[in-house]
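Look at the two complexes coming up: subunit A is in both, with subunit B in one and subunit C in the other.
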Partner chain A sequence: MIYKLQFADLLPYWDVLARGFVFTVALTVVSTMAGVLVGTLGACARTFGPRWLAGLLGAYVELIRNTPFLVQLFFVYFGLPAAGLKLTETQAAFIAMTINLGAYSTEIIRAGSEATPKGVIEAGVSLAMTRLQVLRHVVLKPAFQKVWPALASQIIIVMLGSSVVSQISAEDLTYAANFIQSRNFRAFESYFVVALAYLLLAVLTRAILRALGSRLFPKA
Partner chain B sequence: MADFSLWVITSNLLLATRWTIALSLVAFVSGGAVGLLLLLARMSASGALRRFVSLYVEFFQGTPLLMQLFMLCFGAALFGVEISPWMAASLALTFWTSAFLTEIWRGCVESVPKGQWEAGSSVALTYVEQMRYVILPQALRIAVPPTVGFSVQVIKGTALASIIGFVELSRAGAMINNATFRPFLVYSITGLIYFALCYPLSLLAKSLERRLNAAG
Partner chain C sequence: MIRRRVVQALFASALALTCFTGAARAEALDDILSAKVIRIAVPTDYPPFGAIGADMQPQGLDIDMARLIGKELGVRTELVAVSSANRIPYLQSKKVDLVISTLGKNADREKVIDFSTAYAPFFMGVFGVKSAAVAKPEDLAGKTIGATRGALEEQELSKLAPADATIKRYDDNNATITAFVSGQIDIFASGNAVAAVIADRDAARAPELKFVMKNSPCFIGLNKDEPKLLAKVNEIIAKARADGESEKLSQTWLRAPLPPGF
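Then we have the complex of A and B:
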């Protein structure tokens, strides 16, 4: 039996798709910023903080990196309310993504900041820079320069991974695809179009992050 | 209603873990085989083949694994083929794994210095012989740590098979949660089992990488 693909049946649902697209973009942007912030603080604390804190962060990083995002999401959305913390789908999705990206970016940024030679930090101190200034200009900036491509790839992986937030009924792109195919029964067409939307997002994100990287952390 | 002890929950989750392991093995082995074929195509002289492989990689790395699973499930139905969740998950994970492995391995082959190819051709080795005796043995050594590291991603990737109805560890966790209403406990144990599977592999990858760097 030959089946004719009917992409036109998706057109009436363009607003659902658009809303899903906006949701996925917004979720990615917000949790990327929060996640990279967590990662930056985590990397600093792991390198310069007390030993117990470094150990704790190490456990956090390994725990997150070695479990599936889906389970982390379920733990946040179903597990935390049982422990007394009520969350909406969107909040749970945001928290899970931030925790996830936070762990990966802690590891990535640490790889960059650990490569800072001791002498450079001492040079900064001897120029009467404050601790914060040393951290910002001497340690973090070169670290970000070095690891930006790795960080960008991880952000794209997290963006693609966010498709599972549809499983807790957060209304993202994948949720839109599920919704549309449950109405018009054009399952393959819906998922194909949404997959292409993700592909477009991945390509765009890569381009934007590359431009942002050369803007924020220009190669000396 | 029956009382669910910690032991009952854990033992049921461990039973389901067999399917996570089985799916991971199938995806990794067949994904590796397809990845190797793609690598050969990527390294071949044919421009069309090379373009095909880079499009393949772009598509499978640039779209969510979940979409790939859905497309496979429903795409097969379009051709009138009934496809079981196990088959759909194995196939989708195979494609996905092969796209990543072929890209990892390409990096390894390309990191072998050009002089090695030239040395091979100067002693009159054919392309296949150069590959077989000069390049691949060296590339293989570099390829082992990232390949082991990627196996962790494959195990985590199998969790998505639960969404299309394949009963493995994550799905079992959701089902047991529905029966026990103890999500905090159930998902903690589920997470710990994944951790027990993945962490040794992560450590192995790290130590292999360190040994390679020390030797190199």
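Then we have the complex of A and C:
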């Protein structure tokens, strides 16, 4: 038997798909910015901060990198209300994604910043740069140059991983596919279209991040 | 040659069987009373209606109802575990005398078997915490309601709820239950069995029925042309309702009073 594709059945649900697309994009953009910020601060603190802080951050990184994202998401959404912190599914998704990307990017950026030879930092200090200037121009900029492709890959992984937020009823792209196929039973068409949408998003994200990288951290 | 004989033998025995059952055709109720045992099909995979308890014995509302019928008839109750797919075939092939297995009535089933009066409530409803002021679909305006995506009650809710109500759709019953128990949602749509499970797990957030969306109570199924048995079963159900036995079963297993009008 040959399955007859009927993409026309998806048309009545275009608005669900469009809203899901926008939600996934918005969630990715916001949590990427927050996550990379957490990662940058985390990397600096882990490399240059006091010992207790570095240890604490190490524990955070290991905890997040060694547990499934879905469990982290459930913990934030279903678990935290028990501690009196009730978050909407959008807030929970944002926080879980930020925490997750924050841990991975801490490690990625730290790898870049630790590659800076001690002598170069000392050279910066001897040029009468302030600590912050050294951090910014001597450590972080070359670090980002080195690890930008790895960071971009991680951002895309997090974007694709955001598909599980539909489990806590956040209405992202995957939610749209689940919803549509629960209504018209066109599972193949629904997931096919959504898979294409993710592919498109991933390709676009990579292109944008590459352009951003060469602008923000031009190779000297 | 041999094959032919086999076929003949089969025909002959089939004929004999028909004659035999024809001759022995008696009311099932008489058979039950003379055998002093009634065989009743019950579920063992559908709490709180029927499940295997910690003592490995079947327990649940349907089980208690089956035992009640045996007691009222003054015969032993023999429970036969069935699944929802084979419960009607078990009845048709006379492996059991009655089916008490959250059986809903519909036109297709009525063609092949008879139904008693309803013995237990089974409905899709909107449930919520005590403080949620909801009594009818319109009251859901501006509120957030949880439901399991794709389930019948979610589709019903999507039809009934006003446009400015927010429906949160979860992947499965457990996620919906967890969302309610953890306080993420205060109102949800489900079958009364799911609501009973929550009341069982977390008495502090026992859900209260706000309104019934669709009613499909449980009936006892029996074979067609058994007027005496049907009358007797209906009599037992009526008695159970009158003396509060039905209310007790509902309270015990569904953690809720019988709905109004039941």
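Simple rule for what comes next: the second predicted complex is superposed on the first by the 219 of 220 C-alpha atoms of A that agree within 3 Å, B and C clash if a C-alpha of one lies under 4 Å from a C-alpha of the other, contacts with A are read in each partner's own complex, and residues count from 1 in each chain.
The definition used in the following text is that contacts are C-beta pairs under 8 Å (C-beta built on N, C-alpha and C of every residue); 3 or more make two chains touch, one makes a residue touch a chain.
In this text the structure is predicted, and so the values were computed from the model without any measurement.
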> Quick one: subunit B and subunit C on subunit A, clash or fit?
Replying inline: fit
>> With both complexes overlaid on chain A, does A:12 touch subunit B (first), subunit C (second), both or neither?
In response: neither
> Looking at the overlay, does A:55 come into contact with subunit B only (first), subunit C only (second), both, or neither?
Replying inline: neither
> After lining up the shared chain so the two structures overlap, which partner does A:86 touch, if you call subunit B first and subunit C second: first, second, both or neither?
Replying inline: second
>> Looking at A:149, would you say it contacts subunit B, subunit C, both, or neither? Reply first, second, both or neither.
In response: neither
> Which angle, in steps of 10°, is spanned at subunit A by subunit B and subunit C when each chain is reduced to its C-alpha centre?
Replying inline: 70
>> Looking at A:169, would you say it contacts subunit B, subunit C, both, or neither? Reply first, second, both or neither.
In response: second
> Counting only touches as set out at the top, which of subunit B and subunit C does A:182 meet: first, second, both, neither?
Replying inline: second
> So which one touches more of the residues on subunit A, subunit B or subunit C?
Replying inline: B
>> Contacts for A:78 in the overlay, against subunit B (first) and subunit C (second): which applies, first, second, both or neither?
In response: both
>> So if I take every C-alpha atom in subunit B and every one in subunit C after superposing, what is the smallest distance between them in Å?
In response: 5
> Which subunit A residues come up in both lists, the one for subunit B and the one for subunit C?
Replying inline: 78-79, 81-82, 166-167
> Which subunit B residues qualify as touching subunit A in the complex?
Replying inline: 58-59, 61-68, 70-71, 74-75, 77-80, 152, 155-160, 162-163, 170, 173-174, 177, 182-184, 187-188, 190-191, 194-195, 198-199, 202
> Inside the complex, what are the residues of subunit A that reach subunit C?
Replying inline: 77-79, 81-82, 86, 89, 166-169, 175, 178-179, 182-183
> What does subunit C use to touch subunit A in their complex?
Replying inline: 146, 149-150, 154-155, 168-171, 175, 178-179, 182-184
> Where on subunit A does subunit B make contact in their complex?
Replying inline: 1, 3, 62-63, 65-72, 74-75, 78-83, 160-164, 166-167, 174, 177, 181, 187-188, 191-192, 194-196, 198-199, 202-203
